[in-house]
Amino acid sequence: MEQLLQQVLAGLATGAIYATMALAVVMIYQAIDHLNFAQGEMAMFSTFVAWQLMQWGVPYWGAFALAVGLSFVGGVAIERVLFRPIHNAPILSQLVAFIALFSILNSSAGEIWDFTIKTFPTPFGTKPFLGSSLISTHQAGMIGVTLVMLGLLYLFFRGSRLGLAMRAAAANPESARLAGIRVGWMIALGWGMSAAIGAVAGMLIAPIVFLEPNMMLGVLLYGFAGAVLGGLSSPGGAVLGGFAVGVIENLAGTFIPYVGHQMKLTLALIVIVAVLMVRPTGLFGRAVVNRV
Amino acid sequence: MALGEPAAVRPLAPRVAKADAHWRNRQNLAVGASVLAALAAPLFVQNFVVFQLTLVMIYGLAILGLNLLTGFNGQFSLGHSAFYGIGAYTAAIMMNQNIDYYWTLPCAGAVCFVVGFLFGLPALRLQGIYLALATFALAAAMPQILKFQPLEPLTGGVQGISLLKPDPPPGVPLNADQWLYYFTLAVLLLMLGGAASFVKSRSGRAIMAIRDHPIAAAAMGIDTALYKTLTFGLSALYTGVAGALGAIVIQFVGPDSFPFLLSVSFLVGLVVGGVGSIPGSLVGGVFVLFVPNLAERISTGLSGAIYGVILLIVIFAMPLGAAGFARWAATRLRFARNPATTGSVGRK
Amino acid sequence: MKKVTRRSILAAAPAALALAAIPARAAKNYGPGVSDTEIKIGNTGPYSGPASSYGTIPKSEAAYFRMVNDQGGVNGRKINFISYDDAYSPPKTVEQVRKLVEEDHVLLVMSPLGTPTNSAIWRYMNAKKVPQLFVATGATKWDDPKGHPWTMGWQPNYQSEGHTYAAYILQNKPGAKIAVLYQNDDFGKDYLKGVTDGLGDKANMIVLAAPYETTDPTVDSQIISMKAAGADVFVNTGIPKFAAQAIRKAAEIEWKPLQILASVGNSVGAALKPAGLQNAKGIVSDFYLKDPTDPQWKNDPGYQQWVAFMDKYYPEGDKSDSGNVTGPSLCATMVQVLKQCGDNLTRENVMQQAANLHHFRVPMLLPGIEINTSPTDFAPIKQLQMGRFDGQRWQLFGSLISGQAPS
C-alpha cells in the first residue's frame, strides 16, 4: 500500500514533465491544427541557449527570460521561413518538414554542445516538498508553473481578442480571413507561443532529466501520448493526460508481475490505446462531426 | 484530416483521348526500359552496389506497403517498422529451422497480413493523429516485445539472429549478391504488378473512395470497415515481405534493427516518392538508402543536420514528391509541345 | 574455460621490440589497402541517430591518427582512416562495412561501435577474412578465436565486470538483498547475467532486477521499487545519464544501500558531478581506464600526454567524455599491432600480430593494466581495479582483478 502511494506520487512527479510538454503540444495544435514533431527538439535547443547564456554569466532569471524571448522569435522565424512557403503542401509533406527540422536541431545541438549530460539549475531548489521525499520542491514548482501556464492560456484563448482570433484562424481559416483576421500572422504567432512554452517546459524538465541533445526524445513521446489521451482540443485535458500517463506507466511497471518491468512502455501504450478505443478523440476532446 | 491528398492522385483534368493514348504508350515504354535496365544493372556494377540496389528495392517495397494504406486508403501509420520487423523475424526464425529462404516470404506475408488485419480492427475507430498514436504505439512497443525474455528461445533476445546467405541454385552462373538481386527483383515486380492491378480493380476504387469521402463511400454501399481492415492487412503484407527480404539480404535481425525511426524513414520515403504513386515508392527507396550516405559525405559530424537540410530542399522543390513533380513536368512538356490539344490542362 | 597465464613481466619490453624488428627484415608483403606510403583502415560509428552520443569515439580516433600521421605514420606509412556513419542501425552497418571492404578496399575494419551492429557484420567479416579488430563493445562473444578467428574485442567484457561485482558483494555483504538497474538491451543484460552468474547458487540474493529503456525520461519509479523491495545493495549499470539520475533519486528518497556502479557510468565529470558529489560518496566501482575528470591524474604523464593530444588534435572534443579516452586508447593498440606487422601487412599477419600482444601498455589505461593476447585469447583487456568514491575522487583499492568470465 505504501508503495502504491509512492508510485502514484512519483508518477505524478514524472507526469508533471509530460504535462508541461503536453501543454506545449496542444498549444501548437490550437495554432496550426496538427502536431509539431520537432517540438521537443525546439525545447531542447532553447534550453541549451539558456544554459549557454548562464555559462556566459547571465543570472538565472535573465537567461530564462532571454531564452523564452529568443524562442518566441525563433518560433515565428521558423514559421515564416520554413513553413509559410509550404503551407499549401499536403499535410504529410509538412510532417516530413518537421522531421527535417527535428534532425537539424538534434544534430546541430550535439555538434555545438556535445552529448555529455549537463546539470541545469532550478529556481525552486530540490528539498523535499512538504516533508515528503517523493516530490521535491522543484517538481512541485514545476506542477505549479504548468498550472499557471494552463490558466493563462485559458484566459488568453477564451478572453482576449488575440486569442480568439488565433483560434478562429486555426479552426476555420477562410471564414477568419473574411472576418479580417490576418491568418498567416496568427499562425506565426502560434508558433512563437508554442516555442516559448516549449522553452519554459525544457527549462523545467532539464533539471530532472539532465540537459543533453536527446533529452526530449522520450519526453515528447510521452507528452504526445498525454496530449492525445486528454484530448488535443483541450489544454486542461492534455495536462491531465500527461499526469495520467506518468501514473499509468509507474503502476503498470510496478504492479503487473513479471511482465511489468520489462514491458513498462508497451503496457502504458496499450492502456492509452484502449482508452482511445472507448473515446476516440481523447478523454476531454470534442468529437469532430463531418459535414457531408 | 485529408492525409492522402486526393488532388495529387487524380488526373489533373479531363484529357484529350488521343494525347492520352500517346502518353500511355510512352509510359509503357518507360516501364519496359526500367525493367530492362534493372535486369542488366548487376552485370555492370560491383557486388557492393548490387547489394545496395537490392536494399533500394526492399525499402521501395516496404514503402509501397505504406503507400497502399496511406496513399490509397488515407489511413495514416507510424507503425510500419513493426510489420517490417515481424516479417524479418518470421523469415529469420524459419531460416534458423533450416527452412529454405524462399518459403519464408509467403509465410512472412501471411503472418503480417493477419497481424495487420487484427490491428486494423481497433484502428477503425481512430482517425488522423489518434490513429498515428496507436500505430506509433505498435512501433515503439515492437523492440520491447522482441527483447521480451520468455520469447528469447525464438527471437534470440537482445542478441538477435544471424543468418546464412543463401547460395544461388546450382548451375546458375551468378554470385550470391547477384542472385539475391534477381530474386528480390522478381518478388518486387510481382508485387508491383499486384499492387497496380489491385488499385485499378473494383476493390482499389472502393478504398480510394473511402479515402476521398468516407461518408459518401458508405452511402454507396461500400463496406468501409471491411475494406479498411483489409487494406491494413494488405499493406502489412507488403511491408512484411519486404522485411523478410531484408532479413535474408542483411543476414541479421535484432531488436535494434527495427526501431521507431525506421517507420519515420518509410514515411519520409513515402512523401519524397509521392503519396499515392506506385513507382514513387521506389524513388522513396532510393532516397531512404542513398541520401544519408550523401549527407555524411558532406559532413560526418553534422550528417543529421545535412540530411534535414536536404529533406527540406526536396520538400520545398517537390511538395508533392517525385511523382507529383513528374506529373507537373509532364504536363508542362505536353503543353509546350502542343498547346492546342492540352490547353485546358491546369487552367480554365 | 579460458584462463590466461601471465607471462613474465621482465621479458616484456625487449620481447616487443624484438617482435617489431623481425618482420621488418622480411620482404614486403601487402594486403588490400596497403602501399609503401599508406594503410587504409575502415571504421563505422554512430554519428547520427539515437546513439550519437558515442559518435565522439570515432571522431577522437580520426584525431589520433592525424597525430600519428603528423609524427611520421607507422613504419613510414600514413594511416588513412575511413569512417562512416551507421546511425547505430545494423542494416546500415552491413552496408557501410561492405563499402569499406569492397569499394574502399581497406586492410581491416577497426572498432565498429555497438553490439547489434557488430553482430550484423560478424559473419560477413569472418567469411571475407577481413580483420574486425578491437570492436567497441563489451559483449562476451567477441572472444571466440576458434569460431570467429577474424574478430577481436578490446575492453573487459560486461559479464566479467558483473562477476567482479558479485564477488565483491559475496565477500563484503554476504547476506545482502541486491537490486540491479540495467539498460534493456544487450549490454544491460550482459551485466545482469554477469552478476547473476557470479552469485552462482546465491542468485536469489537479487530481489529486484529493473530495466529501463533509453527513451525513459527518468528511472525514478525503478529506484522507488528497489527501496520498497528492501534492497540494501544497489548495482547500478546505467549509462551516465541514468546512473546519475539513479544516484540522485536514491539520495532524495533517503535510500542508503551499498552502491556499486558499473564502469560505463563511473565518470566523475559526466555522471557523479551531475548526480551531486556528496550523493555519490561511498560508491564502489571498477576501472580499467583513467577517468580524465578525476583530479588524482592531474600530474600523471599519461594523462598529460592525452590532454596535449586533445588540445592539439581534437580541441572541440569534450574532455569530460570518457569516449574520448576510449578512442585514442583503441588507436594506440591498433598502432602497436601495425608496428609489429612491419612490412608484412597482410590481413593474416594483422590477425597474427593482434593475437600476439604482450604486456602492452596504453597511457590512459590504469597503472598496471596491460594488454595481452594470444592465438587462444582474443580478449585484450582482462584486468580491472576496484575503487571507492570519497566525495572528490576515486580511491583505488585492492589488487588488480583478473575479470575473465568463464564462457
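For reference, chains read A, B and C in written order, and residue numbers begin at 1 within each chain.
One rule holds in what follows: contacts are C-beta pairs under 8 Å (C-beta built on N, C-alpha and C of every residue); 3 or more make two chains touch, one makes a residue touch a chain.
Note that the structure is predicted; figures quoted are calculated from it, not measured.
Participant: Going by the average position of its CA atoms, which chain sits the greatest distance from subunit B?
Facilitator: Measuring from the centre of subunit B, the most distant chain centre belongs to C.
Participant: Could you tell me between which two chains the number of C-beta pairs in contact is largest?
Facilitator: A-B
Participant: Between subunit B and subunit C, what's the gap in Å when you average each chain's C-alpha atoms?
Facilitator: 39
Participant: Using the average of all C-alpha atoms in each chain as its centre, how far is it in Å between subunit A and subunit C?
Facilitator: About 37 Å separates the centre of subunit A from that of subunit C.
Participant: Roughly how many whole angstrom separate the Cα centroids of subunit A and subunit B?
Facilitator: One centre to the other, that is 32 Å.
Participant: Return the residues of subunit A touching two or more other chains; collapse runs of consecutive numbers into ranges.
Facilitator: 103, 106-107, 110, 221, 262, 265
Participant: For subunit B, write out the residues touching at least two other chains, lowest number first.
Facilitator: 140, 144, 147, 301, 303-304, 307, in rising order.
Participant: For subunit C, what residues touch not just one other chain but two or more?
Facilitator: Those would be 48, 50, 52, 55, 184, 213, 215.
Participant: For the complex, give me every residue of subunit C touching subunit B.
Facilitator: The contact residues of subunit C facing subunit B are 47-50, 52, 55, 59, 83-85, 87-92, 94-95, 98-99, 102-103, 114-117, 119-120, 122-124, 141, 184-186, 189, 213, 215.
Participant: In the complex of these two chains, what residues of subunit A are touching subunit B?
Facilitator: Listed in rising order, the residues of subunit A that touch subunit B are 34-35, 82, 85-86, 88-93, 95-97, 99-104, 106-108, 110-111, 221, 224-225, 228, 232, 262-263, 265-266, 269-270, 272-273, 276-277, 280-282, 290, 292.
Participant: Which stretch or stretches of subunit B touch subunit C in the complex?
Facilitator: Result: residues 46-48, 51-52, 55, 140, 144, 147, 157-160, 162, 164, 246, 250-252, 254-257, 259, 261-262, 289, 292, 296, 300-301, 303-304, 307 of subunit B touch subunit C.
Participant: In their shared complex, at which residues does subunit B touch subunit A?
Facilitator: Within the complex, subunit B touches subunit A at residues 1-3, 5, 8, 70, 122, 125-127, 129-130, 132-134, 136-137, 140-141, 144-145, 147-149, 214-216, 264, 267-268, 270-272, 275, 301-309, 311-312, 315-316, 319-321.
Participant: Subunit C touches which residues of subunit A in the complex?
Facilitator: Per the stated touch rule, the residues are 2-3, 6-7, 10-11, 13-14, 17-18, 103, 106-107, 110, 114-119, 126, 128, 133-134, 136, 205, 208-210, 212-214, 217-219, 221-222, 249-250, 253-254, 261-262, 264-265.
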